[in-house]
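Please read through the structure below; I'll follow up with questions.
First chain written, first letter: the chains are A, B, C and D, and each begins at residue 1.
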Amino acid sequence: MDKTRLEAFSDGVFAVAITLLALNLTVAGPGHESLVRQVVDRWPSFLAFVVSFFAIGIAWVNHHSLFKSIATTDRTLLFLNLTLLLFIVAIPFGTATMATYLQGGGADAPLAAALYAALLEGMALSFAAIFVWSIGDGKRRYRPLPARGVGRALVRFSIGTLAYLVAIALAFVNAVGALAFITAVAIYYVVEHNPSTSAEGPTRTDQGGRSADSPLITADHADFVFQ
Amino acid sequence: MDKTRLEAFSDGVFAVAITLLALNLTVAGPGHESLVRQVVDRWPSFLAFVVSFFAIGIAWVNHHSLFKSIATTDRTLLFLNLTLLLFIVAIPFGTATMATYLQGGGADAPLAAALYAALLEGMALSFAAIFVWSIGDGKRRYRPLPARGVGRALVRFSIGTLAYLVAIALAFVNAVGALAFITAVAIYYVVEHNPSTSAEGPTRTDQGGRSADSPLITADHADFVFQ
Amino acid sequence: MDKTRLEAFSDGVFAVAITLLALNLTVAGPGHESLVRQVVDRWPSFLAFVVSFFAIGIAWVNHHSLFKSIATTDRTLLFLNLTLLLFIVAIPFGTATMATYLQGGGADAPLAAALYAALLEGMALSFAAIFVWSIGDGKRRYRPLPARGVGRALVRFSIGTLAYLVAIALAFVNAVGALAFITAVAIYYVVEHNPSTSAEGPTRTDQGGRSADSPLITADHADFVFQ
Amino acid sequence: MDKTRLEAFSDGVFAVAITLLALNLTVAGPGHESLVRQVVDRWPSFLAFVVSFFAIGIAWVNHHSLFKSIATTDRTLLFLNLTLLLFIVAIPFGTATMATYLQGGGADAPLAAALYAALLEGMALSFAAIFVWSIGDGKRRYRPLPARGVGRALVRFSIGTLAYLVAIALAFVNAVGALAFITAVAIYYVVEHNPSTSAEGPTRTDQGGRSADSPLITADHADFVFQ
């Protein structure tokens, strides 16, 4: 089954990218400043690691939710998915660059933070493109999304996409402020209490069974958890 | 089936993190001290590699056991699992930092060892949180755990969590002692002869079949192998 | 089922290799040239990252398509597949080497670009070898390819293989020109509008079902998407 | 099914380790010796990359074959498997160390080559231990191996284990000779024409079916392909 291998490959890329984030965590070792001082001085690396870890983790949840409702694959989807993964794979680079410039200071910190936000914006746009693909033609989803659901999804995708545009603009005003804003966005998505989710509660699945309707989070609303 | 993809993603993260541990193994090459001397001097790197390798390996076994009994997924579980993986992914950093300071000596070796133990403590607490989640509500496990089983599990999770607290405290007395203690804890979990496990012996599984009751190690007791 | 584990292992290698490409993306940090200048100067690294990302991504799609029609495995296939993966795994090295020399200039840029093209040529030849293996003996595919299909496939594999030979030759005339040519080849494969694909459109697959005939892209033509 | 997740985790580790081998491939870039000279000088890195790539690849095939016949899992198997993976994960380190010392020359090249061979010996012994575990108790394999098969398997495991002992000894006589010997062993395993394999030829498997008897290579003999 094709979608399965597409998901397996994507899961692999998410898992490697999220783990490579930790390669940015380093200290200089003995003979330099005290370890406490080093860790304190490098707070941007540690904060950016945690924020990017949850950003990629949430993106993985999103990917899962979005593809669960998709019934077909074609070349367009494959390359939209590759584009999404391109941004995911670049996030450790963006994280390291932003952390280096926030720590070192200087005139380029705003640009480095904007670059980081731009990668997240690219990710958000890729998710939106996959969603738009999925509602085209009417046969790409297991269950067609009703018009109201499409509208709500598009509003939410637009809000997510807008949030990172705000972060890019904010970076040029205050680089640390942009990181704080992105942190807040990530926390929002983690703690967000989607009413329709809590209403239904977790779905019980039989261990050996399969259920197109057993969402990780509530179906139909699942697509727009993050953006 | 959702849990399957959650497990596949987690397996990927465990596999990448356990393999990245080996990036900390390096020697300076010819033109420096003799190879024997370099390897001897860097004993903390090699010992810490082996200890962390088995720590992550045991954590993977634990993860497997814990999730085998879980019947449902929800947002809370997803983010508890992400938090667990955050600590797993940070272990190579903690391992490298501790090894560098144990080798180089100096005043910060205790702090570096405590940092390493703190990452393991974070992992242990994350496992405990997932276990507590799993017994909530009564529908999250395939088979509800009897009250006696819950009590025993909580005692064992507490012991595991306590062990790493002891390691953190010990680190400030003697950094090498803390590593020795953590090594002993890992050996204990590897060789531990769980009576109920040996009584039942390995479970035979049909190749093509599925069996919710064919544990890697004995069911119900499986959850608290490590912590 | 053997083929499944062969595919899973290959997917893992593709996923790690495509993610490691991003390790070549680095900037020197504050205290050096401006960030804009650094990114502009390092354009070969960023362009080569994107080109190699899609080259490996397309190779993964190809791998998927080629193996979908394969019904048996033997030692020969295993080692042809390992040879293919050897070239995939070496692509991040080839990408980094080419980018370094294109950026730094000097007499060796042509050779570095030729090395990169040679790795892609090795990949293309490995795919062709697996295809030739698959049509041998008549029992290795689920559905034997008709003579006309074999002929067309061989023509297309030859064209793909030839393209990278051209790139190798071109590298010695103009290194940047070779990268531009390889970029064009990648774009061609991404946007290529295979008539038979569009005619059938995406295939709907049941979520729980299995269908040997539900290609990612159109069956029978799937094998020679890339080469 | 437990064995499935054990195999998936192991596949992930194999895939990451085989891909990380390529991190040892580097050239110094423009401004140093010519690229041709650098590649020629670093022949040990390139040869060792290819040898280790096929060594890990063959180990993956072996792992597949060995686990295919295993019907049960227990703690002992889990930790034997972790020990095997410990050696697999350390191979990129051993490869880099040997290549550095073979290239740089000096008194420690023999020791570096012996270290590399010792990691392969550890891998071979781990495979042998898993095989011995599998024939214990009589219920751990799907089909018990007849006494003659056990004897032949043990002879072959002993030969494999012996080969790397010879390589360790040879390293102290001639480091390059040891690498040549290990290369020859790898080539032998790749091209080895197992009579029982060729007699049966590849096994046709139904795409959706499962067959405990459809070996990657011939069953029963599969376990001792490599060691």
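Methods note: a contact is a pair of C-beta atoms (placed from the backbone, for glycine too) under 8 Å apart; a residue touches a chain by one contact, two chains touch by 3 or more.
All values reported here derive from a predicted model rather than from experimental measurement.
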Task: Chain whose average C-alpha position is farthest from chain D's own - done: A
Task: chain C against chain A, contact positions shared by both copies (same if over half, else different) - done: different
Task: Superposing rotation of chain B relative to chain D, computed on C-alpha atoms, to nearest 5° - done: 90
Open item on the list: I'd like to verify one number: the distance from the centre of chain A to the centre of chain C, where each centre is the average of its C-alpha atoms, in whole angstrom.
Closed with: 26
- [ ] Using mean C-alpha positions as chain centres, tell me how far chain A is from chain D in Å, no decimals.
- [x] 37
Task: Junction residues of chain C, two or more chains touched - done: 8, 12, 15-16, 20, 23, 210
Task: Touching residues on chain C, where the partner in the complex is chain A - done: 7-8, 11-12, 14-16, 18-23, 25-27, 29-31, 34-36, 49-50, 53-54, 57, 60-61, 64, 68, 190, 197, 201-205, 207-211, 214-217
Open item on the list: Looking at the complex, which residues from chain A come into contact with chain C?
Closed with: 1-3, 5-6, 8-9, 12-13, 15-17, 20, 23, 71-75, 77-79, 82, 85-86, 89-90, 92-93, 96-97, 100-101, 104-109, 111-112, 115, 139-140, 142, 210, 212
